[in-house]
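Two complexes follow with subunit A in common, the first pairing it with subunit B and the second with subunit C.
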Partner chain A sequence: MDAVEAVAATLWPARFGKAIPYLLLLPAILLVGLLVLGLVEIADSSLRTLDTSTFLPSDYRTLANYERALTEGLFRTVATRSLLGAVIVTVLTLILAFPYAYLMVRTRSAGLRKLLLIALFLPFFIGQVVRAYGWLIVLGNQGMVNEALGLIGVAPLRLLYNYPAVLFGLIQYMLPFAVLMLAPAMTAIPEELESAAQSLGANWVRTMFHVVLPLVKPGLVGAGLVVLTLSLTDFAMPAILGGGSQDFIANAIYDQFFRTSDQGLGSTLALLLVAVGSILAGLVFMIFGAGTLASRGARR
Partner chain B sequence: MKKTGVFTSSVNRRTFVQGAAALGGAAALGVRPGFAQEPAKPSEIIVRAWGGSWVDSLKAGVSDPFTAKTGIAVRHDLTEDNEIQPKVWAAVAQGRVPPIHINWDTTTNATKSALRGVTEDLSDLPNLKNTTDLAKPVGLDGYPIVNTYGYVYVLAYRPEAFPNGAPKSWKDLLDPKFKGRLAFYNDGIGFHFPAQVAGGGKLEDIPANMQPAWDFITQIKAQQPLLGEDPDFTTWFQRGEIDAACTISTNAREARKNGVDIAWTVPEEGCKFDTDGLWIPKGLPENELYWAKEYINFALTPEAQQVWLDGLGLPGVVPGVNPPADLVNDPSYPTKPEDFEHLIRISSKVQVENESDWFAKFKSIMQG
Partner chain C sequence: MTMPLSQRVVFWTIVICVLAILSIPTIVVLGASFTAGNIIAFPPEGLSLKWYSKIAGASDLWRAFGRSLYVATVCTIVAIPVGTLAGIALAKYRVRFETPIQVYLLLPFTIPLIGSGIGLMLLFGELRLLGQLWPVGIACAVINLPFMVWAVMASASGLEPDLELAAANCGAPPLSTFFHVTLPAVMPGVISGALLMFILALNEFLVSLLLVDARIVTLPVQIYNSIRSIITPDLAAISVIFIASAVVAVVALDRLVGLEIFLKSK
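Our next item is the complex of A and B:
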């Protein structure tokens, strides 16, 4: 044993111990480094305009793409729609996810908990695109919902290819993410705290607002952040459920890269989207504190 | 350009058999005579294609017979044309072998690639001498692409929704009863030019003044149309989501084959006529380039065109190809000069230089 320790001490002297945290950071640094390298390339591309006589990017650098992105009505409309949609989806998803997660954590019925878990995980096995196409079948003019409405004499309704349909699809897609992030935060709240509040005279509503909600705040903030950024950058739901007229920023970026071959403008929009997403995340950390997402921070 | 070393180094049984097969294949294709000129065959060539009935037709008319005659398998890559384009451009720019041997592409998109300098010259294809003017790309030197057929963006409609007969004008779509029941391509392709006429403008004003087109498209926007791609149109017609669409006649014909009650027409303002073509990206090994050219050369034979274009229901570029029975005298299958009177052709050069702006303008109206 001493020999093994001696070999280990030779290979990894005790004074190297301080380096361990940095070594553990290495994968993250590599990952972020690769992302930064990609962003540098995209930043360079964003400064080059498309020459339609050769379909090559310009040799010189200019801010023309940024000017277009910030002044053209199309991009303003799409950006506003994306931001508003992301906020609406985040709020509604959290409202729906909270009772789901609470019930899943607090229920005394093992059967119900399993059912809720299965319902939660099942969508993960079905990709986003397949789910969106599923909604096309369910909500289409000849879909199940309209057929059911037809049975009571209601004429077919246009349930698809509009903004509410996109938001609906996003909420359904985001709900499992939010529940999965809320559930651990709720599990960390000792059930005795709620019992104590109620034994001191608080009814269920007061207990919920004054005990559970403050303690579950880290989970709410984390879930909100994930849902907000995923919704803001989503491509498939607006493309499939929006009928082509409800584009989000990701769809506009796709159009520039693949439809008009203008990689410079596409890069510009991509960078602006990264910037907006980062600013939103920064705002959340500013308001709630960087330690919000850690349970230790939440209990300060 | 022809690799002969493989035949002069070590002639064993396998190379002899390969060479004999190549000779037989080439003789059957009627192209490159001479045993010594046949380079080594690749195990497969990859042809980018559109899916559904598009690739089925190509397979039946060109790919399968090509494989039968040469022994070279053909793999169809169904990556969207717009998505393969940046991949090919990047491969050529970085000196890599491109991901496909042949790109089946719209002429406008292909012209962009030609202008960028990523296409091989196809001027030496022997079968080009048998083609009509339609095969030659306009405004480009030589043959960086070969157009293989033409097509029309027709007004497809459900006869049930038009009890008084086929719509005579694109303006008929402004009837309030069609609100939410129309469909267009999501970049407006195929509709810009008819809209210019329907909006009171002139085709000669394209591209300088297209305000009439934008005004008419704004009126159409009030009808809350659906916007999509080729497969969407067929699906929407099948599911009863739409009553009319501006789409390529092939999609409407496919829906009709699937049992959907659908017809199409060329309204009085006209319909856009355009072409698709085949091209080869630069950077292929020489032997693969040779066989890729052979594939395109074979696609220009009357027998290949007949089967391929029967499936698509589109007029080809080789004289003597007959229209399918259901498309004789159909406005979407122009064969005589008078058939083109109501079809709108704008040069590829004008389209390539302005298409991005037109797409952006259409999007801007529709997303507003």
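Our next item is the complex of A and C:
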């Protein structure tokens, strides 16, 4: 160990001490740099149109892809479908997540709290494909719901491959994110405030609307923006539960790359989506500060 | 806190619905994997392990699972040093340009996954790296890196800086201080962060889908490709791998840091 220390001391004299944190950060900065390089690649590719005679991207650069992406009816339909879907998913997810987070934070029972936490984390770690697969089994034409309906003589319903199925899958996917973003904001509200409101004669509905909701608003806004971004840009749920008829923007991008092989147009759509996503993320930062990752620990 | 009855009814109704929505797919996949029938049916046609014995011989599924394990291992090996050093730097040192650096390090979360995936696909294509598996591991490390940094930061900020000063004061040279004081203190964060990275890479779907070709599909991609054609219970049996690994992850996370840490207000 002494020898190692000696080598380290010669290579890195104490007066270089100030550079240590930057040196520690360097690998992470380089690794994330791959994403930045990827974005540069997307931007470059978005400026090249598909040459229909050779099926290669053009050598010259043009904004033609942007014009197509913004004017073609197909992409407008897909964009509207994704945006509307994301908004519906966000509202419903928040409505469902609020009582869950509230009960989880306020319950006196440690066991119940643990159960609610485990129910949140398990699906998060199971992954989207397996969860969507579970819904295929439940909702499919020969799935559990339709078999059960058949027993009481109801003709099979088409529960899959439609818009509500995709939205339902998305809500299920987003619930853990929403609850986990709401819970800390909920914890920060002193319970005495609610007791005070109630002892002053407010019923629980008024206490919720006039005391809890305003105080938990930053958490709601944050959770809402995260859910909005994630569901707007999701690929798996529209692909699996929508069965190709309910494409969101991410599916349209995938198709441009792997079906029509129009890399330029696909890149253009991807870059536009990244821009929208960044604006939403920027809003989160503006509201919460970039310290989402930060902590108030002691530093030197 | 005692809730009025009406509030209790409303809240509990919603919470039970949410619990059902969250757990039904998992329970159903588990149940389907033990079915004796050929088509997934309700009510189930009796219990059997036949789908497990069927997948035992399905070498393509096991190869896909092996590839997923490889990707997750590469991802974790890359993420541990990179995320640990960055986490320590951000938690323990005063860094100039801290806010821009944090925003930059959060890029993997703020860029939509489809954007990150397409970007890495184009980049790796340019570098002639497509068609191999290890770049998929690197990609998984990039897109989930903030989890690793966050886990390490959370435990590093709990370490008293005085401890490190004390070690130095007792004559410990910088590297010894790092290995005997700093590193053990952040270990819980490193382990839980590594666990997160491993599990998330194991079931990463979209980025895998974009970066692999038909010869080297990972297990989530294989399942995705299969459920688009026909739904048979053998996929349920293989999906149990993901459920089991998720259970392990949740238990380990609970032991290491306690799930309740996610309820703390910042």
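The criterion applied here is as follows: the second predicted complex is superposed on the first by the 240 of 300 C-alpha atoms of A that agree within 3 Å, B and C clash if a C-alpha of one lies under 4 Å from a C-alpha of the other, contacts with A are read in each partner's own complex, and residues count from 1 in each chain.
The rule is short, and it goes like this: a residue touches a chain if its C-beta (ideal position, glycine included) is under 8 Å from a C-beta of that chain, and two chains touch if they have at least 3 such contacts.
This one's a predicted model, so the numbers in the text were calculated from it and none came from an experiment.
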| said: Between subunit C and subunit B, which one touches more residues of subunit A when both complexes sit on the common chain A? | reply: C
| message | I'd like to know which partner A:194 touches here: subunit B for first, subunit C for second, both or neither. | response | second
| request: In the overlay, answer first, second, both or neither for which of subunit B and subunit C A:142 touches. | output: both
| After lining up the shared chain so the two structures overlap, which partner does A:209 touch, if you call subunit B first and subunit C second: first, second, both or neither? | neither
| message | Just to be sure I read the superposition right, which of the two partners does A:52 touch: subunit B = first, subunit C = second, or both, or neither? | response | first
| Touch check for A:257: first (subunit B), second (subunit C), both, or neither? | both
| said: One more residue to check, A:27. First (subunit B), second (subunit C), both or neither? | reply: second
| message | For A:99 in the superposed arrangement: first (subunit B), second (subunit C), both or neither? | response | second
| Does subunit B (first) or subunit C (second) touch A:129, or do both, or does neither? | second
| query | Can you list the residues of subunit A that meet both subunit B and subunit C? | reply | 140, 142, 257, 263
| Which bits of subunit A are touching subunit B when the two form their complex? | 50, 52-56, 72-74, 77-78, 81, 140-142, 158, 160-161, 243-247, 255, 257-263
| What residues of subunit A sit close enough to touch subunit C in their complex? | 1, 4-5, 8-9, 14, 20-22, 24-25, 27-29, 31-32, 34-39, 41-42, 45, 95-97, 99-100, 102-106, 108, 113-114, 116-138, 140, 142-145, 147-148, 171-172, 175-176, 180, 183-185, 187-188, 191, 194-195, 203-205, 229, 232-233, 235-236, 239-240, 249-250, 253-254, 257, 263, 266-267, 270-271, 273-274, 277-278, 281, 285, 289-300
| task | Name, in rising order, each residue of subunit B that touches subunit A in their complex. | result | 80, 82-83, 85-86, 112-113, 115-117, 180, 186-187, 224-228, 239-241, 352-356, 359-360, 363-364, 366-368
| Contact residues on subunit C for subunit A in the complex? | 1, 3-4, 6-7, 10-12, 14-15, 17-19, 21-29, 32, 39-43, 78, 81-83, 85-86, 88-95, 99, 101-116, 118-123, 126, 138-139, 141-143, 145-146, 149-150, 153-154, 156-161, 164, 173-176, 199-200, 202-206, 209-210, 220, 223-224, 227-228, 231, 235-236, 239, 242-243, 245-247, 249-250, 253-254, 259-260, 262-266
